[in-house]
Amino acid sequence: MIRAFYVGRFQPFHYGHEKILNTIAEEVDEVVIGIGSAQKSHSTHDPFTAGERIEMVLKSLENFPIRHYIIPLQDVEYNALWVSHVKSMSPKFDVAYSNNPLVIQLFTEAGIEVRRTAMHERSIYSGTAVRKCMVESKNREWAEFVPSTVAEVIDDVSGICRIKRLAGNDD
Amino acid sequence: MIRAFYVGRFQPFHYGHEKILNTIAEEVDEVVIGIGSAQKSHSTHDPFTAGERIEMVLKSLENFPIRHYIIPLQDVEYNALWVSHVKSMSPKFDVAYSNNPLVIQLFTEAGIEVRRTAMHERSIYSGTAVRKCMVESKNREWAEFVPSTVAEVIDDVSGICRIKRLAGNDD
Amino acid sequence: MIRAFYVGRFQPFHYGHEKILNTIAEEVDEVVIGIGSAQKSHSTHDPFTAGERIEMVLKSLENFPIRHYIIPLQDVEYNALWVSHVKSMSPKFDVAYSNNPLVIQLFTEAGIEVRRTAMHERSIYSGTAVRKCMVESKNREWAEFVPSTVAEVIDDVSGICRIKRLAGNDD
Amino acid sequence: MIRAFYVGRFQPFHYGHEKILNTIAEEVDEVVIGIGSAQKSHSTHDPFTAGERIEMVLKSLENFPIRHYIIPLQDVEYNALWVSHVKSMSPKFDVAYSNNPLVIQLFTEAGIEVRRTAMHERSIYSGTAVRKCMVESKNREWAEFVPSTVAEVIDDVSGICRIKRLAGNDD
Amino acid sequence: MIRAFYVGRFQPFHYGHEKILNTIAEEVDEVVIGIGSAQKSHSTHDPFTAGERIEMVLKSLENFPIRHYIIPLQDVEYNALWVSHVKSMSPKFDVAYSNNPLVIQLFTEAGIEVRRTAMHERSIYSGTAVRKCMVESKNREWAEFVPSTVAEVIDDVSGICRIKRLAGNDD
Amino acid sequence: MIRAFYVGRFQPFHYGHEKILNTIAEEVDEVVIGIGSAQKSHSTHDPFTAGERIEMVLKSLENFPIRHYIIPLQDVEYNALWVSHVKSMSPKFDVAYSNNPLVIQLFTEAGIEVRRTAMHERSIYSGTAVRKCMVESKNREWAEFVPSTVAEVIDDVSGICRIKRLAGNDD
């Protein structure tokens, strides 16, 4: 039995994350999904709360083929402690998946195997692009980037209204 | 659809928690289980990490009849912020279950319905009693208090050895 | 012009505090009143929020003869920084009033003059006694210890109900 | 009786703030003035301590027509907790005044009415402009932006010297 | 070359610590001495600042036979992160010396060798005993417990006066 | 006997720091060297842990003519408390050396004498330049900027590999 760890901010959860998780599902038996910067919300860079992001991931993985655990991870603002923080908050795991340079470096120094994930088209599969689209969208262009389950959560919390106002773009 | 919130320290998860969760399962459709004081571990009062406690709960609820979410909750050390902290970290919920006076008071002031859980025999169903037994056990007397799935997790991390040493009881 | 500094937890504001402030008013021109442990509330030791305590003090000092400033002070949990914290959060002051050994020592080491306040009968003029009475009161015995303005604030927030429940004394 | 809440960083208190407070005074009976980012000082963006800012506000509102309370508010760095933090530290209020998108969004989500304040000429009534002028002023050009009571406080703490040095502009 | 790590609160540094360090000096080539709970001071349990404790240790080890490093260590209040905290703040070390159950357990779980130190008479070689004596001493009985270099530091900061006042024992 | 205080981030320790320390050694009898932002590491701006930086400084000052103390200093994120933090963590000192505007301002306001250090060629003697060179170096061009003792520490922890990866420059 191999259990993987995969961390993201999921602001919001989009098709890029889904693709990576599908790849992970082919290679391991279980995956722990860490919701990074869990304490952050209500900014244009981090619009959604951890609870909202948990709902996005959960609903999008209804039919996910392998067992998965979702855990919010607050920042520690002290990089040298981050791996211990993750290990303390998470069920044990055997391998980590990431393309984030800091995450790769920290896990590697701690002797934990890290596997790179295939890079997908950044213009389509990027949180930055999705959030920019949310702020600027007249209709529901942003909904193209995310599973319909995620769009539901966002609508449910009036998320587009929130991010537009935070961007000073509400009129 | 009614979703409940139930928080405990689960140091360790024992039959008392299981009984309460079974009651909750009869009354609601889904339950969010908060792992309280998630940042605490390695003391006689809080021997296990949040990750270890998540494993205990997960494995013990394999056949649990309703959908459940498990989220670690770090302390905020500022009671007036606790309800907002919980709401920010958790999927939305409709009702909370608790017998803890502080939890009851805080949720009540925030306008959230709280249901008391039936009180079970404290000598058998109490974390304090289980931990005391762990420290003093010669054989595996403590294992009587917890599901076998929990005993497995504890054995896996040499938990009895850990709590005995922390209590200055290792020789 | 002499401005004094006086800090208390004011859980709740009672006649003992009032007596001390009256003494201070005779000796100086203005007083800064620090609400200590401002982030604490909802425990039997610290039942009221800083906001509630500010209301108690404000209303009780309606006719106070000298100008007064009320500032909430969060704990710093690092004694050597406490005087700098106070000085940073408060309008400048010339002298401090206290009977608290730690406060006296810290101000003294920082070169700030500290004046002791006359000690009043501890059984009547003590926060501990007032809170104990609140928890145990059948009628409104606790109201004897505090100005009627304070009793009003406490009633307004259902404070007796709160402290009784926190003490596990609500039935 | 209507009590309002108004928060600003007041780095420093200037005529723009005064205008807004005068408007508030026409609409409500009392106002709580929150000193935001209270723990910050000694940077070009936040040159003054909370204590210094309290003095600025107090002195400028000597003849203010309605009752006002001034409370320093330390940052919580966790937006979802901010409203609870404010409510815990402040006397109760009925309505908030703000033009800050984050403040508006957070209060609105918490069900608290927010009123926009009239926008005044940003080039004259802006903290950024005042601080830039302080750093660059040869004579006392900056004093045009603030009430004379504020200029007094700034002079009293050698504030121009401080901000110039912090900007690397002292020679 | 073997470098050891040894941590203590050193409130104050006394002959018990000196004995342990002499033993360590016989077994290794260098030693890192961690000043635990560095942020604590001005209480009867932790009377001295980290800076004062550094001076005590430094002066007492003037002629110490092996190279030694002294580093203050602030608490992290999150046991699972403590070893990473120590490793991040300290030059690399090969072995730890301790009799503290928590320290032993944490280093052991992290795969770091821990050596127990010989236990000395607790009534003579205990910080608790020294501090109790300081509070109660009429003459200089406490000075028997500590190197003269430590007594000098304590006198220099009026340490006995400080601890007596903090204990409410100053008259 | 005059003891100085000198603080830097030492990311990494380079010839510029060595020059300044040599100047200090000519003017005072002892020096406390504070390792600033001690909790930061594993970023391109702060690549090395406090422990690694302590090793760099220690080894580079093997033959330093005056007695020196090295203490890691975690950030307090509250400028008005910084001087008290430093004084609490450090052996007493008489004078501070710095060219940092914030450090100069804070010590000056606290009544501590600050001496400017001679400015050396910024292109050669700057941490920013050294780190940029580390990220871009094909061979060991960065090693020109630092004492060979520092290069050894960096090699020992695979520091160049670390900073290159953190910069997204590893291929």
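Lettered A, B, C, D, E and F in written order, each chain numbered from 1.
Note that in this section contacts are C-beta pairs under 8 Å (C-beta built on N, C-alpha and C of every residue); 3 or more make two chains touch, one makes a residue touch a chain.
Chains and their UniProt names: A, B, C, D, E, F = Nicotinamide-nucleotide adenylyltransferase.
Every value quoted in this text rests on a predicted model; they were computed, and no experiment measured them.
By number of C-beta pairs in contact, C-D leads over the other of C-D and C-F. In this structure chain B contacts its sequence twin chain C using mostly different residue numbers, the overlap staying below half. A separation of 37 Å divides the Cα centre of chain C from that of chain E.
We define each chain's centre as the mean of its Cα atoms; on that basis chain E and chain F are separated by 27 Å. For this pair, chain D with chain E, the centres built from the Cα atoms lie 46 Å apart.
Residue positions of chain C touching 2 or more other chains: 39, 41, 49, 78, 80, 87-88. Contacting chain pairs in the structure are A-B, A-D, A-E, A-F, B-C, B-D, B-E, C-D, C-E, C-F, D-F, E-F. On the side of chain C, the complex with chain D involves touching residues 38-39, 41, 49-51, 54-55, 58, 69-72, 74, 87-92. On the side of chain C, the complex with chain B involves touching residues 39-43, 49, 162, 165-168, 170. Put simply, chain E touches chain B in their complex at residues 77-80, 101-102, 104-106, 109. Put simply, chain F touches chain C in their complex at residues 76, 78, 80-81, 83-85, 87-88.
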